[in-house]
Each structure stands twice: as C-alpha cells, then as structure tokens.
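To start, the structure under review is shown below, and the notes come after it.
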Amino acid sequence: MSDTYGASVTLTVFGESHGPAVGATVTGLAPGVPIDLDFMRAQLDLRRAKGRISTARAEADEVRVVSGMYRGAATGTALTLLIENTNVRSGDYAKTATLLRPGHADYTAYMKYGGHQDARGGGHFSGRLTAPVVAAGSIFTRLLREKGVVIATHLARCAGVDDAPFSDDPAERAAQADLLNRADFAVLDEARGREMTRAIEAAAARGDSVGGVLETVLLGLPAGLGEPFFGSVESTLAALFFSIPAVKGVEFGLGFGFADRFGSTANDPFCMENGRVVTATNHNGGINGGITNGMPVVVRTVVKPTPSIYIKQQTVDFTARQNAELQINGRHDPCILHRARVVQDSLAAFGVADLCGQHFGVRWQEGTAWNMD
Amino acid sequence: MSDTYGASVTLTVFGESHGPAVGATVTGLAPGVPIDLDFMRAQLDLRRAKGRISTARAEADEVRVVSGMYRGAATGTALTLLIENTNVRSGDYAKTATLLRPGHADYTAYMKYGGHQDARGGGHFSGRLTAPVVAAGSIFTRLLREKGVVIATHLARCAGVDDAPFSDDPAERAAQADLLNRADFAVLDEARGREMTRAIEAAAARGDSVGGVLETVLLGLPAGLGEPFFGSVESTLAALFFSIPAVKGVEFGLGFGFADRFGSTANDPFCMENGRVVTATNHNGGINGGITNGMPVVVRTVVKPTPSIYIKQQTVDFTARQNAELQINGRHDPCILHRARVVQDSLAAFGVADLCGQHFGVRWQEGTAWNMD
Amino acid sequence: MSDTYGASVTLTVFGESHGPAVGATVTGLAPGVPIDLDFMRAQLDLRRAKGRISTARAEADEVRVVSGMYRGAATGTALTLLIENTNVRSGDYAKTATLLRPGHADYTAYMKYGGHQDARGGGHFSGRLTAPVVAAGSIFTRLLREKGVVIATHLARCAGVDDAPFSDDPAERAAQADLLNRADFAVLDEARGREMTRAIEAAAARGDSVGGVLETVLLGLPAGLGEPFFGSVESTLAALFFSIPAVKGVEFGLGFGFADRFGSTANDPFCMENGRVVTATNHNGGINGGITNGMPVVVRTVVKPTPSIYIKQQTVDFTARQNAELQINGRHDPCILHRARVVQDSLAAFGVADLCGQHFGVRWQEGTAWNMD
Amino acid sequence: MSDTYGASVTLTVFGESHGPAVGATVTGLAPGVPIDLDFMRAQLDLRRAKGRISTARAEADEVRVVSGMYRGAATGTALTLLIENTNVRSGDYAKTATLLRPGHADYTAYMKYGGHQDARGGGHFSGRLTAPVVAAGSIFTRLLREKGVVIATHLARCAGVDDAPFSDDPAERAAQADLLNRADFAVLDEARGREMTRAIEAAAARGDSVGGVLETVLLGLPAGLGEPFFGSVESTLAALFFSIPAVKGVEFGLGFGFADRFGSTANDPFCMENGRVVTATNHNGGINGGITNGMPVVVRTVVKPTPSIYIKQQTVDFTARQNAELQINGRHDPCILHRARVVQDSLAAFGVADLCGQHFGVRWQEGTAWNMD
C-alpha cells in the first residue's frame, strides 16, 4: 500500500536514486485528458536544481511516457512515465554505506529492509522520487487550471526570513499565485527572497543547511469536497504532504494559532456576498468539518533543514556497531524549499483530483466545467 | 472510502448523533485477540463528559458487540460494535436547522449532501462518532500494551496555560504515561491542570470555548515501522488525527520549530547505548524517513476551540439565503481536549496496529512478543 | 479485505449464525438514494425458508437500519443494517462440534481460525450471512430498476430437471424476468418447476440434498461497463458469486460450451438495428473484452448439493484425531437454489452498481436516467 | 482499480500492444526475495509464440527491471519491469480501425473510452499484456516452489480432443506437474497432444481458430488459506483468471458436474492419513467454505476460440454506422491455450501469494518454510 495513494485516481511511485530509473504510474485518468509534455517539462524545471543554493547533481529529467497515452491524450488505462537516472556517482556514497547519516533514513532503512535496500544515494528515500511525482502531478495541475482551480506555494519563511503574506483581495491573490507558478524562487516579496537566498548561501558556505515553512493556497475549489471522518481534506493533504521527505508538520488556516483562540475569535462568521455564502474571515483555511467551504484552502508545512551537511557529525558505524565520526561528501542541497514547493503543489493537485473524483465521479475530468451542474 | 481506514486492519465508523446508534466495524483482527469489555468501558469512561467543563448530555455508552467475538476473544471475522443513542433532544436543534453555525460543518454538509444529511446534533459530523472509535481502539491499545507499547496524551497547552513537559528519563516518562492513562484530566503537572480548568470554566461562564494542544507519546515501538513514501508514520498518524473534528494541525518532534533550525542543530546524532543504536537527541520525534527509529514517537495536534458557543454570532440563513443572527442553545462542551485525548490515543493505537500488520503480518497480534524474532 | 467488497460502493458483511445478529454496512451511496424498506422486506421474503423443501428454522428477518438513513433516503454516509438472530438452537450443534461435517467449512475454519471461530450453526460461514446481502442488495436492485436495468435468475437445472430457456424476444424476456422476480420458486416453465420440487422432496425424504444451475440475465445494461484487465465484468460477477456458499463454477454466454467451438461459430457478428450496434447472436453473454456490449449479460453458476444431509457419513473427530461416523441433526435445506437465486440477483446488482460508479461516477445513482449523457 | 489487483501484494499492468512498451509493477515483496531473471526468461519462453500454431509476430520479450531490485533480490519497494514493443506492424490494423472485429473488444473499447483508446493491435486489450503478467508472476511461482507449492496446467481439452487426466497418486501427479512445467505444449498424454496440434493446424489451414479447457492443479498448499465470504480462494482465482482475455468460465473440483449430484455423492468424507486430516475424494477441488483444505486445488477455465480469424465475417463499420464485411489480415494465433497456460499459472501463483500474505503476513515470503509454525 505504501507505494500507492488514492481512491478515484491512484499514483504509484517507484525507483531508486542510483537505480536505472525513477517513475510513476497513474490510474483513473478519464480518456481524452490532455497529457501536455511541454507543461510537464516546465513543472519539472521548477523542481530542478539551480545555482549555488542547490545540489551540483544535474539531471536532464527527460520523461518517457511508456503507456496510457495516445495522440497526446490519456487513453484511460494505466499511464506510466519513466525518468532515467543518468548522472549517478555512487562512489560518493561508498564510505558512508555503513555510517548512519543523522537525520536520514539510513538506520531505519536497515531496520525495515534488513540490508536488502539499495542504499546508494538514499535509494527509494531520495528526494529524486519527487521528480516523477511532479511529472504525474502536472497532469492534474493542468486539468484543475482548466476548471479554474489554481494552486500556488511560496516560501513563507526560510532560513529565519519571513516572506510577505498573501493578499486578502481575491484578484490580487490570483495574480500572486500566477507569478509564483512561474518563479524560480517562489516568494511574494522579492526583497525578502534575496534576503533568504543570502541566508541560505551563508549557511551553505559553512557546510550547513536551513529549513523553513511552505504555504500553499488552493484557489477556486468548489464547496463540498472531502469526507466527514477519514478522508477529510485535511487528512488527504496531510497524508500526501507528509510523504515529502523533510516535512515534519502540517497545519490549516490558523493552525497552531488556534491553541490560544476562543470560539468567539476562532469561528468564521458566514455572510452572503453576491448571492453566494462566504465567510467573513478564513481562520479555518477553507475547510469545515473536513469539507471545503468554497473559501481559499490555506495549508502550511514545515520543512526541516536538509540532513546532509558537510560539518563533521557524531554517529554510529552500523556494521561495527560502535560510535564513529561522519564527514559527508557527495552533492547535496543546503536548502530544498524552493525545489520542494512544486512537489507540494503537485501532491495537492493530485489530492484534490482524487477528492473531486470521489465527489463528482470520473467524469469531472472531462470538459472545461465541473460536471456537477 | 471515507468511512473506512486501514490496510492490514480496517476501521469503519457509522452513525449519526441523533440516529438510532453509532458504531464501528473492525476487520483484520487475528483470531483469539482478547476483547476486554471492562477495559473498553474504562477507555470510554475517559472520553465521557464530566463536570462543568463538559456538555450536559450524558450517554451511558453501553457497547454491544454484535459480531466477531466468541468467548471473549476475536473470531477473526468482522467485529461490529454498537452504541445506542439514548439521550437525544433533537428539539434543541430545530431552530438552527437552517442557520449555519460558524466553524461547524452545517454549510459544507449542505454542499456535499444536498440536504439529505441528518443534520440533527451534527449528524455524522458529531463528536459522538468518536465513542465507537474509542471502543474499537481499546482493542488495539490493550494489544499494544501486551507488547510493551504504551501510548499516552496530555494537554500540553489549553486555554493559554502550558502543562509541564514529559521527562527525558525513560523510567519517569513511562510512569508519567501510566498516570495520564488513568487520569480524568490528563496533565503532567496537576497545578497547571487546575489552572487550565479554571480558565476553561471562565470561558464557559461567558458562553465561550477554548482550544489547545494535545501531545502524544508512543513508547516502546520497535524500529522499522512505516513506509518510505505514502504510508509514512507521519502520514498515517496525521491522516487519522485530522479525522478528529477540531484538529487543524499535526507536527512531529520539533515540528514547526524546525523552521528556524540549521541541519547542524536539527539532526539527531546516533550513538550506541547498551548495544542498541539510539539518538542523542530526539528532534525528529522518533521517525526518520517516515519510519520509526526506536526512540519515542512524539506528535502534537492543535485542537481549535469548540465552535458551538452561547455568544450571539453573525451567520446566514441557508434557506432564506440572507444574513441572520444565531443564538445557540443545546448542550455543548466549552473544551474538548480532556475528552479528545483518549480519541487521539485510540487512533494512534489503531494506526500503529495497521503499520505493525503491514510490517510483521497479521500474526503480530498473537502471543505477547513481536513475531519478528 | 475479506469482509468487504467494492470500489465505488462497498459492502461489508458481518455476523455469525448463532451470534447476536448478522448485518451489513454499505458505503458510497449517493445522498438521497431511496431506502425502500418495503422492497427490502419483499426481497428478503424471496430468500426466506418456505415449505418442505427448506429448513425448518424460521427467522423473522426484521431489518433495522441503524445509520446512514434519514427520512427514507440515504444520507450519503455509511449505512448499517442489522438483522437479529432470534430463532437459535445451538444445542443441535453441540455433538458435532468436533466432528467435521464433510463438504462444510468445519475443518478449514479450524485450520484458519485455530479454534477461535464461533462454530455454532456454521458461524460466519452460514448461509444466514446472505440475509444482510439481500437486504443491502435490494437498495441497488431498486436503483437499477429505476434506470431500466432488470436482473432475474431462474433455476436453469435442479435435481436433474431442466427448466425452459429464456426467450430470445426482448419483450417476452423482459416479461419473463418480471415474473421470476415475483415468484417463490423461480422457473420459466411451471411444470418443470413442479417436477423439480418433487425431485427435491424425494431426495429430502431419504435425507439427501440436491444441486443445480442458476442462470441470471441482466437486461438493459448500457455498453461500456467494466474494465479491460482486472475488474472485467466477468471478474467482478464471478468474485461476487463465488462468495455465495456452495457456488463452485461460473460461466458466461456459451461458457464451457466454447471449448468445442471454432472462431467462426463462436464470434457474434455485429449488425445495425434501429441505429444501434447489436450482435446477431449472443454467445459472449453480453461481454467483450471484459466490458458490456449492450446485449443481455447471461451468466450461470453451479450450486453444489447442500452438504448437510441426514444420511450417516464417514468423517474425522478433530479433537480425538481419529476416524468417526457423523449423523447430523439440526435444521437444514435439502436444496438452496430457490433461496439462493435472490442472493445471486443481489450480488449482481451490487456488482453492477460498483461498475457503474467506476464508469459514471457516484452521481450515476441520482435521477432516473444515466448521468452519462 | 481496474489496472491493479491484490491486497498483501499488488500487481499493476500497463501498456498497449503497439505502444512503446508493456510492463508491470509489483508491490509488497519482502526485502530479499530473489528476482531470478533466468527463471523469468524461461517462464516467458513458455508463453512465446512458436511454430505454425501461433502468431508470426515474434517478440524478444527482453525484461528490464527498472526499480525495486538490488543485487538480484527485491529491495521491498515497488518493483517495475518493462518489456519494449519492438516488432510492431500497425499498418496491418489500419483498414480495420473502424470495422468492429466480432468477438473482440473493438466496440466495447469505443463505448468505454470514446475513441481515445489506442486501438492498434488491440491496445490495452491485447494478449501482449500477459507477457508482463508472466514476468511478474515468475517471482511468485519461484517463491512458492521454494515452499513446496507447485502449480501446473495442462490443456485438458483442445480442438475437440481430450487430454489424459492427472494421476490420483500424489508422487505421480507431482512428476506430471514437473513435466508440464517444462513442456512447450502442456499435455499429460503426448499422443493426445499431437492429435490436438493436428486439429489446430487443420483449423488454421482454413483460417479458423479453436478453443478448449485449461486445467490447473495447485499442489502442496497448506490448509487455511482464503477467506469466508468475499476473498474466497474461488473468488480470488476466478477474478484473476477472468482477467485473461478469452476465458469465459471457471469451475472448481467437480464444477458444473455438481449440478447432478446429491449431497451424499458430492461430499468428500474426511479421514485420517498418517496423522493428517485428508478427504477420501476431492470433489470440492481442495476448497471448503472458500478456504483450502490441504488437498490439491483443481480449477478449470474454458478458453474461447481466438476471435481473430481469416474467414470473412459480417460486422459493422463503426464510423459509417452501417453493416460491412470484414476480412482480417495481421498476425494472429489460431489457438492460444498452449501459450495461455503459463499465464494461468502465473496468475494462480500471484493469487496464492496474496492469500498467503493475508494469512501469514508479509514474512511468509522469507526463508524456505512457512512462517506459520
């Protein structure tokens, strides 16, 4: 079950960082859904390592669709896509094979897989697995945009620097989302972004890494998506976001800020606006009782600092079963937030697509309007 | 899918607050697993409304096991349990049927179910659905304790008051967990607990409600549980906890505190201790790469203030589609944290049982040791 | 997994023959789907034991819907129904508890459940579990009839006697289906039916039991239902029919008759008829490549003779682990075909509903026409 | 759901006959399970087209394992294998693109996929999809043999010729199974096999095709596998076998022969044999109440004649929506039973592996003995 997610549409990821290829299989696509390879490439490009604030490993990330596509559209049967691993330097990992990297999955992989795991480059635990997630997710991101749903993520905080918040004005917010979705470094305030970059570079210069908070908005969702108990919108998005290596917290709306509120200052009053029911505030982040209420869905994740740092660390030699020191080489990211944001967007798109399918049926994917009317 | 959770064991919840009964079906129990009705009652008692800080609705919560049990043990086929709704006063809700309660699922239920929902008392969205969750969860809580796994939750913060933290000493921590699991009001520091109670009562006195943070520890889990991508321990517990009405955030270990850390201050160094691999710190909350590392799992949820308050609120009359004022009557909790904590324990126990089943197979439930050796 | 079936709608059965109750939970119902308790009772009446050719155990089969129904319609959340076991005489089984009944699940239950099974009256293996299947299935049978889909089953062969075949004329066939669905003993030719009854009574008189073949037609299904590989219409119906205790074979169209055909005498030529594509013959039983082609789906099951006979049999005492003789008492059916046919109809309706949901989405259940147009 | 099968292990198939590749993803493999590429090739070789009684399309069927394998063994994460399509002559299908081939899925694919299907060479409906099934199945076939479980299939009847039956003697039967598993044309009596071959060639010579019956035995299965209601051994194997294009019936033990039996001549008496419980006869084909009883499982499928024949046929031009004549070219099998038998073996191995996982847990795959003791 661990490799597959979803009910009305499913996403299976496979591959290891230094194996032949990584890839994904998507089922539940409606026949005729466009498979837009240019858009897929553009989304992968947002995830690609760039500049001094990313790893030096550069992968072409050429996607090969081996099934389920005919004449540029989904056939309706399983769509599998492959991304070959070409730029592999496993030698970098030889010396650390038995030295457990703190914060990494080395130890837990041993305990789970008993030594049969492909540990090279992190194997199945590598962030490289998120490349096929972005490729597959691009299908749903594109589909949702046709329906008027836009998903966008910014680095709300990184390396101790806060970004500006989203605007409360719907039109401005939509414009911000649009800009974010084309930006290499997704911030709402470019000056803050430059400050973040400098802080990341400073940490990288001393061999260290940084963490931060990613905030995602989902604009244009219809009310009524999600399920009352298991399968709430929160459950769905959280389960997906916690699949992203490094995410250690997920919160909606006010999130942990709810702890110090009273009911009277937490509830969002309903009011009529142009014949539609809306809420005057959006503390609940667009979700009541696990179900969308038509307001923007607002969700934040915390991304821990990349565990691979170049500073010497205390650890254990798993084979010798004794304490040891670890000095990591290899190519690593001092910060992954600017790359991870499109992964978060992609998983959000997938999660929403799955909820739509459960609510509207498979045919929601067809045409340009919701098939709910 | 929404009513059922789990892979190796499944939990289905059903029922409405003012319908005939609420209940749950559990599948995947190994034949012979004890169904301890006394322990089930004791766990339900921890959830029961008590004193001035809870609703005045008192339910006997008598559990009737209608299938899957024979001579006090699981048969191995579907176990269904029923809790009748006896103390129902639907009249209280008549006047609010069309007035959307802010913060509640009234509006989203209309949008999802089109008016066919049983809205009385919140229907399927009621916290009452957590009673069968606790009853079913007690089977797994008991089973895990036999294996040496103890789960315990305290009100880490409530109504603006912080509880004391868990001890770092394993023996003390185990003793604390044991005390929490028998306490009516689960705090580590009783003085802080009294302070919380007073703050809740003060809010209740003016018709308001309060929120807070529940912190759960899972002690004694073996390393190697969980899955690398979808199905991480974080994904599993978060999906379950976000099913609890009012939970709006979930974080593990340092959680959102990771945002301001560097890799060098976030990583947990490994070291040998009595021949076992442990970590010197536990910032990652017992989970690396989605998989348990043998350290205590530490997870916190934020619980928003109960939306049902007695203060007049602005809202919308859904039928008339116009703005309106709402003055709620009925019986409501000014705080649910002290009742919700056993729900969180129960879902944690269920989630762990499911992960164990995926790792060790169904037979992990048998005997008193892990069937991994 | 064993207790639940389905993807877009799910059916979970629970209970034991001599436990407190048997029941079922249905998920995936669209809000507003009628729950017609009169029709449910009528369907259960078709399954009820009657006359000399059935068991003397008479159950009232009163259905109690404990969740998921409000004002006569589905709410959209899990619907659970209960049927209490009232007429239980477990004493009849005391002496056979350790004597394995040939043809029964006594031995395999021991091997699977290790003695924890509730063996009284066959426990979870009892045909009594088919009562909630009929009750739950009635919801889908009714829903499909509103869409113009009629399912009907006759005893194509029983106790060595053949019934007449269905008519090839669509209008006549529809009339036959209608008659079958109201008949106590479902045959197309009443004279043959009386002959069958006499043959059953003759076998019963000497303590023996009989088998036969049930043939089901599904009329009015749209083309395009089913899946190309796993999830074919054949896979779906066969998986469901093989759940019925005593079914040991399932065939579609010519079935095993295909073995001696050539391609030229097996293929169904396509032709146009009133602007629709039809086939000139229906050897494939309405299914090509696992998907409905719009012709009647024709499927037959073989039902083995009831294993509980009053003739002395050779067997094994499981406790003593030695050979023994078995003389069964208790109340048993000399023939179950006339009772099982509505079970087969109910499971067919459930399977079709699940396939419709996968094809048309949940909303196919709404309104009176297919939501495909 | 349609592309994936299984609970404890899952199998997903993807690809189209004339697309880039066909393949499969397997999840739920225990870490360390051998991936024996030589055995995989040998199994694929049994499926390969050979001689005059098969299609002229020859595919190398080179398997590339792109994930989930490390140093010749399963890592425990998703294993994906690819088989490129190299020998593609889509031109053969150009003229029939709009002419519906009788007995084929052409029409139903149009009705299900609305023209978006890749119709070339049958697309996703092609028998070519069974190549990855055999490749993936070989992993389980090999694993089961290590546990002492042998699965073997013979052409029990083909083109009107009966093969000899399996021996009743366990040692002889095991030797027969062993021979079948190395034979190109799987019959128990070679003279009958030559007779079948002649009959197939005679049909092929006049452009026609033949059907038949495949009988599979599963030897060495422990008692206790399978589930009481949904998920019976019969349900599992039937659902899988009905996925094979051309299978139109499945029966167990006496199968449709049960129709004319009495309970007294259908029941299998239990008796002790060398301290084990066995049955004196095996009419029930090794399954009671849906669960294995330790006797050989015996199951037969009927395989309809290949629908692609070279004889002129009446049909419909789907585009013009008028009657038409069809003369098929291309490369087709006059008989597929001798190729399909290893597909049936592979699916049986997969189904058994899934049932074992549900019963014994994932760890059953480890070691050489059942992890049940």
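Residue numbering begins at 1 within each chain, and the chains themselves are lettered A, B, C and D in the order written.
What we mean here is this: contacts are C-beta pairs under 8 Å (C-beta built on N, C-alpha and C of every residue); 3 or more make two chains touch, one makes a residue touch a chain.
Predicted model, so just to flag it, every value in this text is computed and none were measured.
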Result of counting contacting C-beta pairs for B-C and C-D, higher pair = C-D
Query = Copies chain A and chain D touch; is their interface built from the same residue numbers (over half shared) or different ones?
reply = same
Request  = Name the chain whose C-alpha centroid is farthest from the C-alpha centroid of chain C.
outcome  = A
Inquiry  = Distance between chain A and chain C based on Cα centroids, please, to the nearest Å.
reply    = 46
Request  = Compute the distance, rounded to whole Å, between the mean C-alpha positions of chain B and chain C.
outcome  = 40
Ask   = Any idea how many Å lie between the Cα centroids of chain C and chain D?
value = 26
Key: Touching two or more other chains - residue numbers and ranges from chain D   = 1-4, 7, 13, 77, 112, 124, 228, 358-359
Message = With touch defined as at the start, can you tell me which chain D residues reach chain A in the complex?
response = 1-4, 10, 12-16, 19-23, 25, 27, 31-32, 64-70, 73-80, 82, 112-118, 123-124
Ask   = In the complex formed with chain C, which residues of chain D make contact?
value = 1-5, 7, 13, 100, 102-109, 111-112, 124-125, 129, 157, 160, 203, 208-213, 222-232, 234-236, 238-240, 242-243, 245, 247-264, 266-272, 275, 277, 279-280, 284-285, 287-294, 302-309, 311, 313-316, 318, 321-323, 358-359
